[in-house]
Amino acid sequence: MQLKTFPKGGVHPPEYKLTADKPLKILPVPKQLVIPIQQQLGRPGEILVKKKDKVKVGQLIVKATGFVSANIHSPVSGTVTKIDKVIDASGYKVDAIVIKVDDEQVWEENIDRSEDIKRDITLTSEQIIKKVEEMGIVGLGGATFPSHVKLSIPPGKKCELLIINGVECEPFLTSDHRLMLEKTEQILIGTKILMKALKVDKAVIGIEANKPDAIEKMLKFTENYPEISVQPLKVKYPQGGEKQLIKAITGREVPSGGLPIDVGVVVHNVGTTYAVYEAVQKNKPLFERVVTITGPSVKQPGNYIAKIGTPISALIEAAGGLPEDTAKIIAGGPMMGKALKNTDVPITKGTSGILILPRSMAYRREVQPCIRCARCVNACPQGLEPYLLMSVAQKQIWDIAEQHNVMDCIECGSCSYICPSSRPLLDYIRFGKRTVGAIIRERKQKSKK
Amino acid sequence: MNIILWSVLTLVIIGLISAIVLYFLAEKFKVEEDPRIDEVEEVLPNANCGGCGFPGCRNFAEACVRADSLDNLFCPVGGNEVMKKVAEILGKTVVEQAPKVAVVRCQGSPKYRPRTTEYDGPASCAVEAALYSGHTDCQYGCLGHGDCVAACEFDAMYMDPETMLPVVIEDKCTACGACVEACPKDIIELRSINKKSRRIYVACISMDKGATTRKACEVGCIGCSACYKACEFDAITMYDRNLAYIDPDKCRLCRACVPVCPTNSIIEINFPPRKVRIKKTTSNTAAKAKIKDEKLQAEVKVKDSLLNKPADNPPSDDINLKQSAKKQQDNNSSNS
Amino acid sequence: MENKLVISNSPHIQTPLTVKRIMLDVIIALSPAAIFSIYLFGLGAFIIITVSIISSVFFEWLLTKYFLKKPSTISDLSAVVTGLLLAMNVPSNLPIWMLLVGTFVAIGIGKISFGGLGQNIFNPAIMARVFMLISFPVAMTSWPIPLKDRMHYIDVHTGATPLGIIKEGVKNGETISHLMHQIPSNSQLFYGIMGGSLGEMAAILLILGGIYLLIRKVITWHIPVSILVTVALFTGILWLINPDKYANPLFHLLTGGLMLGSIFMATDYVTSPMTPKGQIIFGVSIGLLTVLIRVWGAYPEGVSFAILIMNAFVPLINRYTRPKVFGTNKKINKNG
């Protein structure tokens, strides 16, 4: 089949898919879970439990506040020991519910714990969206956008195509790959559920060509699901970015400042789709996910199904312990992940992988002056000029930054990756985005008054 | 001979014609401006620092001339002297404002606040703060890259290489506010100072609970309210029971709060060393303390914004930091 | 774990490509032509190349350390490239002191005075060549005859370049076909047996170097191809109109510094446009200017001047050839 790709920009970092052939394993639950109350974009939820409360597996412990928010359910049965603060990936203190895990696990009644595959979709599309919201499903690709918001098409817009993002373009990460290999049919049923919710009759699953076994398996299974097609994609980072994925598959460009629904497309990650299957068919809320633990010096890298709230130290133990020469622990992939401050940070709904880098790979090279080679301009998938945006952000000239579309940056990191002078392009562009974003918000508020 | 004569004559005529043309053009295109703007501009410091809120001293001069009253116009660099002169020129009155100085409200040097991670990136506080809370366990503390020092146009700040904290040179500081703007953590505050340049402030803006603050930094404010109870002038406010703040207008510089602070978080600047005196609680002070405690329960001020921007006047570092830290150490050793 | 974790912004991996690697590739691409020129011109070429490279590196070290007061940048090999390119632009019997003046101008004025690597507007090697051409016109236009006097340095037999022969001849009213007898055959031109500077020889070796750079992705095809195609087209049209007055396109492509200029000098990152569209505009303009100067200008060779003139237009070209932003219909033009 012809490989499609997005025309502008992109880089080719080495793939390092060390865990591509490691099957999914269940991570043993530690004695205590620390569950942050905000694991999604939007407003944090309201805490429903207090100290000394007993909870069951799948019980609602944080209730969404407002539309762009999400429920959180307990992954274990146990006792709430305290509502404490824990540091998140940025180092800021956030509220979290600490649960001491019981030896005996008691589940909520209406969850179907059987392993067999349920193919019939009995809910209506409105019921599906409600169920997705109820079960706390958020985008598991890393953005953690509440899925029911994506499924609720605003009036005046129409969805024509559903794209399932099985690209996983980040080096090192393989959680989506393993899901596609081991839960193939469930993902396809999940796709059908989403198609019903969106009222579309076509879906495309995009998979990068470095996962030939997943493509083959998906092609085989989609013979029974003719509305779903598989599109292999050329290996190029950031193919998994939703705008680039839409461009590659449909040729349409999401307008600057707009959303995919503006071009009639909705994109969902493969992991989210699997969670939707479990939620709608098995009534199981989202409280665990696949996390890849990997790194060049990790003794036993692998892909684990971990409960949210598990501290990363438990995952590292399962992978053979922290290697001697560890210098960086990254939540996510090496291109867009966040370096963590310590190993007590808990796994959240957005943690797709933990990458451990040794000291030899942890430091940046010395920064040299810009030689105007334009590699960053050629690499930017959004058509921006990173060298200019960095220069402007350094001098804090915000109106020029805004004019030069700094808000269109998807923060993929291609520019910083490719720069021969090792310039911290993305650092400054991020700084520019935060500042210009605040200026724009202030301006909108002032104009409202 | 002829040639010389002709050349000189030609040049003289060209010169004359140009002069006449230029004169008429200058008259025709003359911009009418109030001459007082020039006069006011003369007395301004002409540093063009923007501390007054206007882009340049000339714009400030214009604003002064056009405004009805000088109430909202103040040049922090020139201070009251210059504003008096401006008022004289314009025949208006001006209210004297208390002189201010920039104060750095963090004492978290590597000695007191260990660096728990290593930061590898551009040495800019704004860039690090855009993504991370910092490379220590205190998310409110100074990052130490010196954006404030770079922002200062009067060379009144420098980075102490040992403590990795900014230091304000009070003689040069004009309280223009550039450093306050530059700091992404809002650590620097402009506080009014009295004649002897004395000030007392809480050198911490951490809104974390006491135990958390203590774990991250030895000299952070743990919100124990000891200073609040000790203050007889109601100058201290407790924010969310996690942070103390001294109101510079109410503070009488009595120094009662400084020795009672268990973490030496309160700094006094430019005071003579105090006589050693162990404070005993008399029945009177115990009763006062009890009343204050009850007041405290009722008066808890919770400000959401304080999580990132605690009060307008966070405490600050100072050139006398070492001096005051030493004083606190002396006080500590004499009190224990 | 005793060592601290490192935190930094993403991305956490980097391409293995460095500035040094790019410069090394350029040096490798130039080596065949340089070695061949030593074969053709002998001792002189060897002296010129080594002195040029060593003095460029020395001047960069000296000026960066004592003038700019920044850490030394000679390890990124950009000074070596400038030295080598300058050497390829001068005749092999140039006295050493003139060469030293040239490298000083190239590094000191062409690079350091603008602020160092990445800040210059004009190509340093070309700037130095033009400077020397205007300051030392005789020394810079006496071209040693290849394969003769190879063990000598200064005292060699000199002759005119093919372009020089054409220029003089046409001025004197001779026809091209008559002049062509004095000029080496096309194959000799291709293999570089003609009078000229070190870099004007061996079109074939320069093209090989260019292909190497294309494969290594150091340069893109846009600039060299647009220059060469424009020159070929323009001279082709002229030759078709009047073959007696204008030489044929192949002659123009193989002589002078066109190959060296289009592949190695015009493609210099710092002084060329940032987008492919801009690069094509740049290349076409250089081609046009080169032919204009060669045919109607006072100098027989126009590539250097053409590149310098277009270097000045690069910021303008950059402003008007911005890439298209994803998801928009227009590019940012006049506002940017």
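Just so it is clear, A, B and C label the chains in written order, and each chain counts residues from 1 on its own.
Throughout what follows, a residue touches a chain if its C-beta (ideal position, glycine included) is under 8 Å from a C-beta of that chain, and two chains touch if they have at least 3 such contacts.
No experiment lies behind these values; they were computed from the predicted model shown.
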Chain closest to the middle [Cα centroid of all protein chains]: A
Chain pair with the higher count of C-beta pairs in contact (B-C, A-B): A-B
For subunit A paired with subunit C, centre-to-centre distance based on mean C-alpha positions, whole Å: 49
Distance from subunit B to subunit A - Cα centre to Cα centre, in angstrom: 43
Interchain centroid distance [CA atoms averaged], subunit B/subunit C, Å: 55
For subunit C, residues contacting two or more additional chains: 5-9
Shared-contact residues (touching 2 or more other chains) in subunit A: 91, 341-342, 362-364, 424, 427, 430
Where subunit B touches two or more other chains at once, by residue number: 116-117, 120-121, 127, 131-132
Contact footprint of subunit C on subunit A as seen in their complex: 8, 11, 13-14, 91, 171, 243, 247, 253-258, 322, 326-330, 332, 334-342, 355, 357, 359, 361-365, 368-374, 377, 380-385, 387, 400, 403-405, 408, 411, 413, 416-422, 424, 426-427, 430
Subunit C to subunit A touching residues, read off their complex: 1, 3, 5-15, 17-19, 21-22, 73, 76, 78, 116-119, 269-270, 274-275, 322-328, 332, 335-336
Subunit B contact footprint on subunit C (complex, rising order): 4-9
Residue ranges of subunit B touching subunit A (in the complex, touch as defined): 116-117, 120-122, 124, 126-127, 130-134, 139, 208-209, 212
Of subunit B, residues touching subunit C in the complex: 115-121, 127, 131-132, 135
